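Letters A, B, C and D name the chains as they come in the text, with residue numbers starting at 1 for each one.
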Amino acid sequence: MTDQIGKTLVIGGGISGIRASLDLAQAGYQVLLLEQSDRVGGLLSQLDTQFPTSTCGMCRMLPMMERDRVDQQCLRRGLSHDNIEICVSTDLISLKGDPGNFSVSFLSQTDGGRDDCPVLVVDDEKIVRDSMKEWLSEEGYPVQTADSAAEALNLLAEGSFKVMLTDIKMPGMDGVTLLTRAKEIQPDLAVVMMTAYAAVDTAVEAMKQGALDYLVKPFDPDAVLQMVDRIFKDAVAENARKDTVDAVILASGATFFQPNLGINPYGYGRIPGVVTNLEFERMLSHAGPGGMDLVHPVTGRPVTRIAWFQCVGSRDIQTGTPFCSSTCCMISVKQSLLAKTMYPQVTEACVFYMDLRTWGKASDDYARQAKKAGVRFVRARVHSLAPGLKENDTGIPVVWLDPSGDRRESLFDLVVLAPGQHPDAFLSGFAKDQELTTDDWGFVRPEPFLSGHTNRPGIFVCGGATGPRDIHDSVTGASAAALSAMQVMASAGRQTVQNPEKTESTGLRSDGVSLFPGALVIGGGIAGMAAALAIADQGFDVDLVEKTDHLGGNLVWLQTAIEGAGSFLEEQTAAVQGHDRIRIHTRTCVADTMGRPGQWNTRLTPVKDTAENTDADRPEQLAENGSPPDKSSGGKSPDVQVRHGVVVLAVGGAEASPDRPLPDNGPGIYTQQQFQQALDQDAIDTGSPLHVAMFQCQGSREPGRDYCSRICCPRSLDQALRLKAGHPDSRVVIFYRDMMTPGLSESAYTEARKAGVVFVPYEPGNTPELAADNTGCRVNWTDPILGRAMEMAADYAVLATGIQPGLSRDLARLFGADLDRSGFFDQADIKWRPVEAMDPRVLACGICLEPGNLALTLASARAAAAKAVSLLSRETFFPGKDTARVRSAFCSLCQICIDACPFNARFIDPETRTLKVDPLACQGCGICAAACPSGAAVVTDRSLAPMIKTIHAVLNQPL
Amino acid sequence: MIASIQTKDHSITRTLQDFFAGMLKTGAADAVLVPSRMSDSPYVKPCLIASHDRLDRTVPLGPGFFVNAGPMMSRLTRTRAGSTLVAWLRPCEIRAFVELTKLRQGAREEVVIIGMDCPMALSRTDYDDWAGQGNDMSDDVEKWIQTVYQKPVTQVDAWPVSRACQVCDAPYPVNADVSVMLLGGDLDREIALRADTEKGEKLLAEMDLSEGQEPERRKALLADLETERTEAFQAMDEEMLDQTGSIESLNRFFSACVNCYNCRSVCPVCYCKECVFNTDAVAYAPTQYLSWADKWGQVSLPNDTVFFHLTRLAHIGCTCVGCGQCTLACPSHIPVSDLFISVTRNARKAFDYVPGRDDAEPLPLSVFQESEFTDIVGMGNKEAT
Amino acid sequence: MHLTDIREKLAARPDLTRQLAQVKEQVATCIQCGTCSGSCPNAGFMDMTPRRMWRAVLTDRVDMVFSSQTFMLCASCYVCTLRCPRGLPLTGAMAELKQVAFGLNLDRFKRSTLFYKAFMDNIRQYGRVRETEMMARYFLAVKDPRVPMSYTGMGIKLMAKHKLHPHLPTWGPGRLAPLFDRAKQQER
Amino acid sequence: MTQTVMEPEQDSPPKTPSLNPDAFEPVAVAFVCNWCTYTAADLAGTSRLTYPDNVRLVRVMCTGMVDPQYVIKAFLEGADAVLVSGCHPGDCHYINGNYKARRRIKLLKQILPRFGIDAQRLRLTWIGASDGIEFAQTMTRFVEEIRGLGPCQARLQQVI
């Protein structure tokens, strides 16, 4: 045990790095944040708005509690937190060690660049001097030359050098003597002898006298550079700062494909008006070129017709990129929507895509908004671009093939390319140095079932370094990685920094607030278990509530479908059951809760036998018209009271039931889950050639359930491949709208095509017809490419209906949270605070939060646990200095301020009948003060009296 | 459901008194709130009466209006009392109470509101004149009733109707449980009551009344009143604009104001426990006054007069019920309500808000829509005032 | 009728069936994005776009495949192969379809088959194309007087532009025969 | 004091605000939100974009904390114009403060022009964190507009 404060190195200051750093800092750990560029924020500092909100909410990442420790400002202006040391323009020099003891050295780019490494070249041959000078200068080294040892000594006396490259045989004083004399003048000078092959012995001798190394003539430029670079780096490493950290989070991000590399079919860099989406983002921004106007970058004329090309450097074998970059579709949806709505001049906004990947909870609806705004979406890939005719430059001609096979042509002022995400050079080097396991494309491959763990203990990874990621997944993954780092620091016996107020000799602040040191986790599926375990492992009591009689949730039926999931589930269940800090309550649900947020006292009650399990998570007293729960059994109440400071909603969800009427539920019609279970139980003979038709988006991505469930496409592909592996003559046809295989899951799509699975796209309103009777199913459809009516007799029809969240509004509201329009947990911010309610003490994970696969579920569970742990780790919270106060003498209890407060921070204390402020929820915005007519709601310095003074002061300043 | 009470002894007042007494006797009401004289003085104030034999001094209908009963209702209903209260209110009092319930200053659950057609009240000084010193006002009251409910009047004998009442755009009950339809009625014979809510129906059912109907002339009379009052409002609005259309003239308008804040004390929707202008929020250092005097050459005290009135306009801009109490209360005879009614009735149009119209209608400043008022955002749009 | 015809013929030729299966395998990962068809310079003359051709191959619609002239019109310019995001050997696949079509000896491809044969023979013999002789041999082979008639207009135009040389200097037989033999050998 | 008053960086002798229409220099108060418009103002500053110092910035955490009383007071204290500027809809750090501000400004615009304070003297704008150019342009244009309107009456004498 040591009283050392835990410290984590975070590599990369993009949003993943910021998120991980803030989580660690809020938990009280120290963070060393290294960033190569000159600012934090990464890519996001170039994006004014994000999908699917068309707004920016980056500042919502800032912690809501202990706000005084963080600069309350837009993150574009910078980040500052007491516990985070931020080093921008800094390179990582080396990293060695093990969990609990990594030594890291890093160097600011501002000190010790190559221009600080002057080189002296001494040779009597001019050609050698000149060529050496040319090679080294090109690389940025300041070079001086001397044609004799004597001149060299003069130069050495005048100024200092880091490196001297000297010939051995020279007229006058020879190189070896020069070496001795030079070392007298400048003992730390690195001297490299240059010699002909014949004189190597002399060179070796010179090394005994202090030369660092030698080069054999004739030398090749690379060898010279490598030698000087090595000396430079060693010298630099001496200047580098060194530190010791317990854990490392790699958040170095990804880079964008450069469209001008390779065959460049779209003429990026050659054809004026072909830009990347990042360049277009700047054009859209008022801070970019063109200012408030949207103008052509070359001609300066207003832009009216814009085309977006998807999959540039993604899903393209020609650029060595078989994977999908996950985010580009939505970036283009956003840009086209913004262009169309911000600039009425834009008459044509047209997105050319292959599959519109609007996966996840809110994206599909966003794309519908874009369609409504008049953005045209064309399922076509444009093969190449040629510049328009110069003399009448009317635009860039774009030619494509529409789905019916007709060739179309249109002119566009701008073509916006959506380049894919690729691993960057830093990542490749780091992965190699640290021997991290990477995938075929160079992204770091996380360990299965351990989101963010690399093969190296103590080194965690998140964000773009693990593959193409959007903000939401990056932020979630970053919090999960922060949890892993916290676990390393805790097991190394490290401490957290507690509030400085506590130790100040000037006296203790008396307004500290503590949370009840425990967590209530509702839902015993894999999400709930993972969250419970992570919280309990950090030393906090957890009550885990499960409505059924067993743990595991959906993973129970899914376990055979996912490789390794069975034993993972078994391990997790055993760990939860064996944990001395976890109390498991099966066949139990939440009845009601008392107390204020953070100091909840929640009553758990057994699920009644008669109750349908599916409704059991509904708070009982609300479900039954206010009648008190059944306490009659045995005269003694079976209810349990639980005190907790945070709550994690992990109630999961289920496969949605098919929305459209099915033909008598014919024998061959299965839902995706039913089909999976039949496959897993060998109820289907995959060894014989089967005809199977799979239908995607059954009831999803349509009004009513207008989100993509994100899991059905990969599951269908998995099932199809399994059928094809069982018998190659099996005929599998997948009817789809857009195959949602973002990121690296694209490879399963390709595999399925290779295996001969037939994919048939359809549009809503033109759904294939499924009929069934005792003899089997029949599918009729029109193939859009062939333009022919097709028919298929199928042994099985499989309907992918997607996920239906299982969270009831009553349960969410019990803890001050709510449901979103799709019935999932309403996140405080879908991008920036993805696992929290507006109140950060209310968390959610798994598929009641958002649709996702096992990896995403585990990531959200660990992210939620990270939030819970960082809150519970604080013994006392001291409210911000600007926390709102109530002058009760003036308060009429009109509750206008309660309505106005965006954070539910104000409430009427039932005991005193006075208005109170929850100091941990209050963000000091002052909205209450503006709403209150009586001046009873006050926020330090942001109320009437000081504002009147300020107004007077500013108006009476001299001009 | 419309019921009818037969008028007894040609006295409408007596008939109504009996009606209230009946409620108390049958237990349909535990108490009634009715304007009443406390002694032989002519002044009437809302009185909470629990005993059926104490109704003889009540004046349910009459030209005296000294207190808006809205805030009194707020006092009586702030927390549950466990009893049924029947309140006899003027339309502007109902409006005030509805607004106060939205501000959580009261609750309707235990109240049955009987609202009446209210053609007018007299100003305070005119009322004094009208009532004289007479101990028995009953004949005058009956005469008044027979006059004002039969046709639009702008004055009763020599006494002009108060300005706020002259421009009142809703002289009939809105949002009451029971509406007493007096306008155009054959009041010497019967009084018609309409139940507007379940609670109202229950009350009328318990009173065991005969079936009635809306007076035939009532609708036409209401239309006439509306026309007349719209015109009166426009005239007042123009007059006010003329008198206060600039900061300079506003200064003049309020030049007699002594910052007594009576207007806000009697205002039924100025619900603050303590006005912010009475707190340290608007207290200045002596140097501040000197600095103003320096800036303008002089500074008249007390200051912040216009600041106070403009703030009050902002605070009650949507909720002013137009009862005219502020004018009645002003010691300096400033027609405060003329200004407030003219400004707020125009201002609230932007939010399509009418105070008292609907319990469920949220206060305009407590809610918002994501896409609204886009015309007031940005530069260069020369939007209309 | 036509379908049965082609199916029967294919069934009788396991080698061609195998070749067709290979084509299907080559284009299996096609995602019907249409890049091939958009980039094809001859697409405008084809009765069916290459994309639809691949779709027909993948859905085993041999009737559609071999009632089309699309693969016969492939000029082997390789643009589609260069642009295909799936990296599919589309030009090669077109060539294979040509071969299967020749092998099936279908009536509708007779003229194309004969034209190709005349062309290749001509090259084999001379090391370059001698248009007049090639066309003459082609016309003889078709055995249909309407065919030469249909080329008359084009012939006259070409002659007017001095693009046809009725009296070509003759030089000895070309030396391409061994090359052709070797290619044939390799194909096996 | 949490709100920062941006002092105009000037060493020249103070000009007395002149009421002579020929030499009229307007004075305006801008309540700017800490997260967006203030950041934009900061960006304008660091980008060396100039804007007239007639606009006095008062930093507020959120436009939603601008009590109508502040606006009224500013006019009565002699401001020729008042600007309230914050985050674009949806961007608000406090979720919806800007929407609430919009309603309050709407109400003020229903009331103040009635007393001769031209509606153009009260402005509400959304200026995002990265809109430094827009900020500078808006300020310039704002001042030009007020200059055109002339001094606000309330500036000429004490409003009691």
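Things to note:
Everything below uses one rule, namely that contacts are C-beta pairs under 8 Å (C-beta built on N, C-alpha and C of every residue); 3 or more make two chains touch, one makes a residue touch a chain.
This one's a predicted model, so the numbers in the text were calculated from it and none came from an experiment.
Here B-D and A-B are compared, and the pair linked by more C-beta contacts is B-D. Note on chain placement: the centre of chain B and the centre of chain C lie 95 Å apart, centres being C-alpha means. Mean C-alpha position of chain A lies 38 Å from that of chain D. Chain B has its Cα centroid 59 Å from the Cα centroid of chain A. Residue positions of chain B touching 2 or more other chains: 276, 295, 365, 367.
For chain A, residues touching at least two other chains, in rising order: 900, 931, 944, 948, 952. Multi-chain contact residues of chain D (touching two or more other chains): 68-69, 73, 78, 89-90, 96, 100, 104. Across the whole structure, chains are in contact as follows: A-B, A-C, A-D, B-D. Across the complex, chain C meets chain A through its residues 24, 28-39, 43-44, 48-49, 51-52, 55-56, 58-59, 61, 64, 79, 82-87. The part of chain B that touches chain D in the complex is made up of residues 241, 244-251, 254-255, 257, 276, 292, 295-296, 298-300, 303, 305-307, 310-311, 313-314, 317-318, 343, 346-351, 364-365, 367-373, 376-380, 382-385.
Those residues of chain B that touch chain A in the complex are listed here as 103-105, 271-276, 279-283, 288, 291, 295, 315, 363, 365-367.
Chain A contributes residues 263, 265, 311, 315-318, 354, 380-384, 399-401, 403, 405, 407, 750, 753-756, 758-759, 761, 783, 785-788, 790 to its touches with chain C in the complex. Interface of chain A with chain B (complex): residues 889-896, 899-900, 931, 933-936, 943-945, 948, 952, 956.
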